[in-house]
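Take this structure, written in structure tokens, and hold onto it; I'll ask about it next.
Letters A, B, C and D mark the chains as written, and numbering starts fresh at 1 in each.
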Amino acid sequence: MRKTLVAAAALSLTLALAACGGGGSDGTAKAGDAATIQIGSMYEPQNLDNTAGGGQGVTEALNGNVYEGLFKLTDDGKVEPLLAQDQKVSDDGLTYTFTLRPDVEFHSGKTLTSKDVKASIEAVTAESSKSARKSSLPEIRSIETPDDATVVVRLATRSISFVYNLSYIWVFNGDATDRTTKADGTGPYKLGDWKRGSTLTLTRNDAYWGTKAKNAGVVFHYFTDATALNNALLTNAVDVVTSEQSPDALSQFEGNNAYKVNNGQSTTKLLLAFNDKVAPFNDVTVRQAISAAIDDKKLLTSIWGEYGTTIGSMVPPSDPWYEDLTSVNAYDPEKAKQLLGGKTLTFTLDTPSYDPHPTAATFIKSELAKVGVTVNINTITADEWYTKVYQKHDFQATMQEHVNDRDVVWYGDPDFYWGYDNKQVTGWIDQAEQAKTADEQTALLKQANRKIAEDAASDWLYLYPQIVVASTKLSGYPVNGLNSQFYAYGITKS
Amino acid sequence: MTLLTVDGLTVGDSLVADVSFTVTAGDRVGLIGESGSGKSLTSLAILGLLPPGLPASGSVLLDGVDMLHAPERRRTRVRGRVAAVVFQEPLTALDPLMRVGRQIAEPLQRFQRLRGPALRDAVHAALDDVRLTDTSRIARAYPHELSGGQRQRVAIAMALACRPRLLVADEPTTALDVTVQAEILDLLDRLVTERGTALLFITHDLPVAARVIRDTHVMRSGRIVESGPIGSLIAAPAHDYTRTLVDSARRFDAALERTGRD
Amino acid sequence: MIAYLLRRTAILLGSLVLAAVVLFVLLRLLPGDPANALLGVGATPEQIEAARRELGTDAPLATQFLRWLADVATLDLGKSLVSSLPVGPEIVARLPVTVPLTLSAFVVAVLVAVPVGVLAATRADRWYGPVLNAIAQLGIAVPAFWVGLLLITVFALRLRVLPAGGFPPDGWGDFGAAAQSLVLPVVTVALVMSASLIRYVRSATLDVLGSDFLRTARALGASPAQALWRHGLRNAAVPVLAVLAMELATTFLGAVVVESVFALPGLGGLLTRGISQHDYPVVQGVMLVSTATVLVVGFLGDLAQRLADPRLRVRP
Amino acid sequence: MSLDPETLSPPAPAGTAPRKARRRLSWHLVLGLILVLVVAGAVLVSYVWLPFAPDDTSGGRLTPPGGDHLLGTDKLGRDLFTQLLIGGRIALGTALGAVAVGGVLGVSAGLLAGFATRWLDDAAAVVLDILIAFPTLLLAMLIVAGAGASLGTAILAIGLAMAAIVARLTRVLVKQVLARDYITAARVAGVSWPRIVAAHVLPNIAPVLLVNLALQAGLAVLAEASLSYLGLGTPPPNASWGRMLFEAQATVLTAPAAALAPGIALVVLVIGMNLTADGLRDLTDPRRRR
């Protein structure tokens, strides 16, 4: 009796608080270009500098929104000029001359000059840079700034990907001192408040040089737990989830008219990576057998339900040299047994401890048991993975997600952790980078990729789906989020 | 006038069994028995303070109020006013966290409605009555800062501050040194005489009982085995158990005499 | 009392230093190279060496410790390996969530536990005494995160009366929304906390109910309620005060776990993220701050107990 | 001189009601033991029989409860009831392992500290106080931070944190026993320290320690569940109840059974352990009325 009274009192207190809190900062009241868009994400920036380990969160929040590059990668994977109005390439392909768009101002009011561009590129290539793009950039001999509007970059070798790579280089105010907690870019939004562990606010830049943002601003809400994020969407605390990580929760949105589930393309591949240099995986038939013994489609369905795709290689559909190679070493347990020739096999699978690897490892173990292969699952931390697998190459097989686009080229490096060493493939990949035309590059990489797939250098289990779940009131949001970018300026809310 | 009538009191299975006696105004009655004989439970039953869950039957009428079955509020009204009690262990019987003066003040406030300076004076007078000197220091002291004898005097002062018609003294000297014992017995004797308070004195110690009481009941295993004036009881114990009590007291006295003390 | 205060303060300071040592040694004894965390995938051995020099982890352990202690003494908790942002401000930025959460949960727990615990003890003979006790027993066995999960399901997802998690972008600037977002977390932590507190209060009250001095008060005409109010509660408070300090620490811990259930930007989130990213300065900083808090609270608890109990004021 | 441990307990104060109290107490113990034994029995059964193989993924993705699958299946098609049984192994294993680690280390350290005198004793007291200032879960998280998340680490971490608490309790108990007259008598009679410990100290402190360890076992189960929930305990695919609850929260609206069953199992086991501790306390220390 008394307890019920206490409970009732607690409840009424709760409701009273709820009532007095209602109607506070509810962005839903406003619509159109006065609306603030609430965005939910799992990827909080570590800091705001993408050359100092800001992580994928800083790309999502700031790329194209606060900072802009000379070029822009569109949501469907095309490279378009942005701050560069014009480019000229010398005949030997070693000298690039870019002309900057005039009258572009930073948020601080300073006008963009070629010096800022030079500083921005050098920040990425600097010794202390932690940029993921650093290693994919060709060796840059020099950067010259003959006048405020012109940048001349000289390369040591030809690089067909150079312009594409420039789309990841943010142009910042060269005079800015602190880029880890502040941002001075040229984009359609200014950086507002960053409450670490919680939210990051962007407000519309009314002095933007191009088409102004269609909303008054956006707030990124950060979550460490997918369920909490989904709950926020379910309770209208956020309007859109940039990248749904909890497939199990999707059924809550699928049958609900208030939400739209967008199935976009990602570039993230889940790999069962063999150590191609050690037994038993130095034997190509063993690799082929293992690849054939695992029902990738069933694994994908287990984890992602109806979402995601199997691609049968390292190349996702958004890469120009994509080809559906699922038929190479396709699921065929009989063939797998045949390839193994009655041998019994045991190997250790070093499995990162975070999702989805342990789940997938359990599945692989039960699949391979059917063809007489015993798998010992060894769970390791991300740190251990880095030291044991990535640095020391001390493993038989492992699992890992590879998130970037255009990363099939790693199979051209025999010293990479998986130790795939095929002279022919290495040659094709080198030639492709030196190619004079995109078509030539595409042809060579297709050829290389097919060979890599046939050799079952790794088993590409599946390509992650890129799922954006949004309130049906929202339109104009990007759905592919290539390389985790999320252009927010086109979003409108009705 | 009968103050207390205990009739067929039974507690628990047979912790106290069929105990009957009366105390009238001004009486000095003893309840003598070894530990575990049920005498302390009897005193608790008289005040209606038996631990919950202990079944009790029979009747205890204290100034006409049934202390076993009357509603708690009625029993509360009788306690202190009609009968007050002094327990055996003065250290635990006093609130360790409260200054002694405030503890004595509590019954004074309750029964005499005293406030302010009058209350303070009454506290000092009560301490004076029990022959405590330096009353202002003692009033400010906590129980652990006093000696055993001082504490028991405080406990007596508290009990008498209620101006009860019956004082129940439950082994009030057992926890004290022999010399202090005598002082406390004298004090009790004098106070009840001065005020005409009836005394129910509970003890296991026959010689101690003999100093303050007139009539006594001897208890054993929850029953009263013998009753009568204490003098005749010592002179001619009828029950075996009484006889052993008397004999051992004699032997003790004899031993004392042989060693040349007292 | 002054002598005790000095002695106890000396012990507190010693404890703080010792806690720092324990923390430092524990973190250094554990395997894993902070330089890895700093650089991530793709670092060369030369880069790792450089990073070690930069971090100072190439120096002897004693040197590292003295350096760290000197930094801590000037309130410099170092820089995060992952974000290279200073740890101190990061911790301070999290306090507006963790401190109100912990304190209000604690206050609610105490406000619930004291009357319920006393009731469970004084009414042990009625039907609801044991029922209250059983509910407390249940509360102790329930993991806080599960309670949070169930509360979210009922109040946020089904009834839609409270937010499921998160904290408003304006923080306490948007007081209504901030308070709203803390309601369920506070209830969660308070429910679990009050369960164990109820048992302490109940047990202390039972001890007091069986005490001689309470019986004396009753025998001299105090009603049960008067006796309990004037003598019982004070005496029951002494042992409860002793556990309150520990309970406050446990409340903080409950907050750490519950913060992650409710996606709150508090110290708990910072700590779990620091641990999963092997961000030693962050872990070290958060642990140091929380341990220091626990030690200081314990110190205050001891003082409070001493003030409440005159027997402790003189050293025996 | 009597060395009977019974004589060590002061007699029950007058006015308590031993009979009725005792009946209630054993009721605690019986119910507690029943709850623990239900879980332990299920765990034992799981070693000989399981409804499905632990990695049998034939159940279909997220099958609702009923039919073959009492609690339904997880996303890989594994039977949740099977997972629940296996989770019981982890829970009980944690309890036993952590109590073993915490008990052995804590009692040894506490004995040493208990025999220490003067400044050494002061120092021991301060160190133990500080170790206790690190709450169990934080200490466990700290150890996991460095050593990596695994069941072994979790057990070790929880056990170590427990050791500090047990050590402090042991120290106090040892001090109490050593202060008794018969120990002085034994020392005067020239009995060696090891003999005093074995014959007098351990038997006297064992009942209270036993009660405390039973309580700690329940706390250890909760701590492991919390660690696993935070992703710092038993790594998947092993089905720790904390982990199962974490996974189930994504589908709490569509598959509530998955979010309820492991929680209830946890509560049953922990209540069982707590009640057992309560009952044991009442057995060994009848003065305490619970």
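Keep this in mind: a residue touches a chain if its C-beta (ideal position, glycine included) is under 8 Å from a C-beta of that chain, and two chains touch if they have at least 3 such contacts.
All values reported here derive from a predicted model rather than from experimental measurement.
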Chain closest to the middle, measuring from C-alpha centroids that were averaged per chain: C
Between C-D and A-D, the pair with more C-beta contacts: C-D
Centroid distance [mean C-alpha coordinates] between subunit B and subunit A, Å: 87
Distance from the mean Cα position of subunit D to that of subunit A, given in whole angstrom: 44
Whole-Å separation of chain centres (CA-atom averages), subunit C against subunit D: 21
Distance between chain centroids, defined by C-alpha means - subunit A, subunit C (Å): 38
Residues of subunit B engaged with two or more neighbouring chains: 51-53
Subunit D: positions in contact with at least two other chains: 15-16, 148, 231, 249, 252-253
Junction residues of subunit C, two or more chains touched: 32, 157, 210, 212, 215, 260, 272, 276, 278
Touch list for subunit D against partner subunit A, complex: 55-57, 61-62, 75-78, 148-150, 231, 235-237, 247, 249-254
Residues of subunit C that touch subunit A when the two form their complex: 32-33, 36-37, 39-42, 80, 82-85, 90, 93-94, 112, 116, 119, 128, 131-132, 135, 152, 155-157, 160-171, 174-177, 179-180, 183, 187, 260-266, 269-270, 272-273, 276, 278
Residues on subunit D engaged by subunit C in the complex (per definition of touch): 13, 15-16, 126-127, 129-135, 137-138, 141-148, 218, 222, 225-226, 229-232, 242, 245, 249, 252-253, 256, 259, 263, 266-267, 270-271, 274-275, 288-290
Residue ranges of subunit B touching subunit C (in the complex, touch as defined): 47, 49, 51-53, 72-73, 76-77, 79-81, 84-85, 87, 89, 92-98, 106-107, 110-111, 142, 144, 155, 158-159, 162
Residues on subunit A engaged by subunit D in the complex (per definition of touch): 226-227, 230, 246-249, 251-252, 301-303, 305, 353-355, 358-359, 361-363, 365-366, 377, 379-381, 383-384
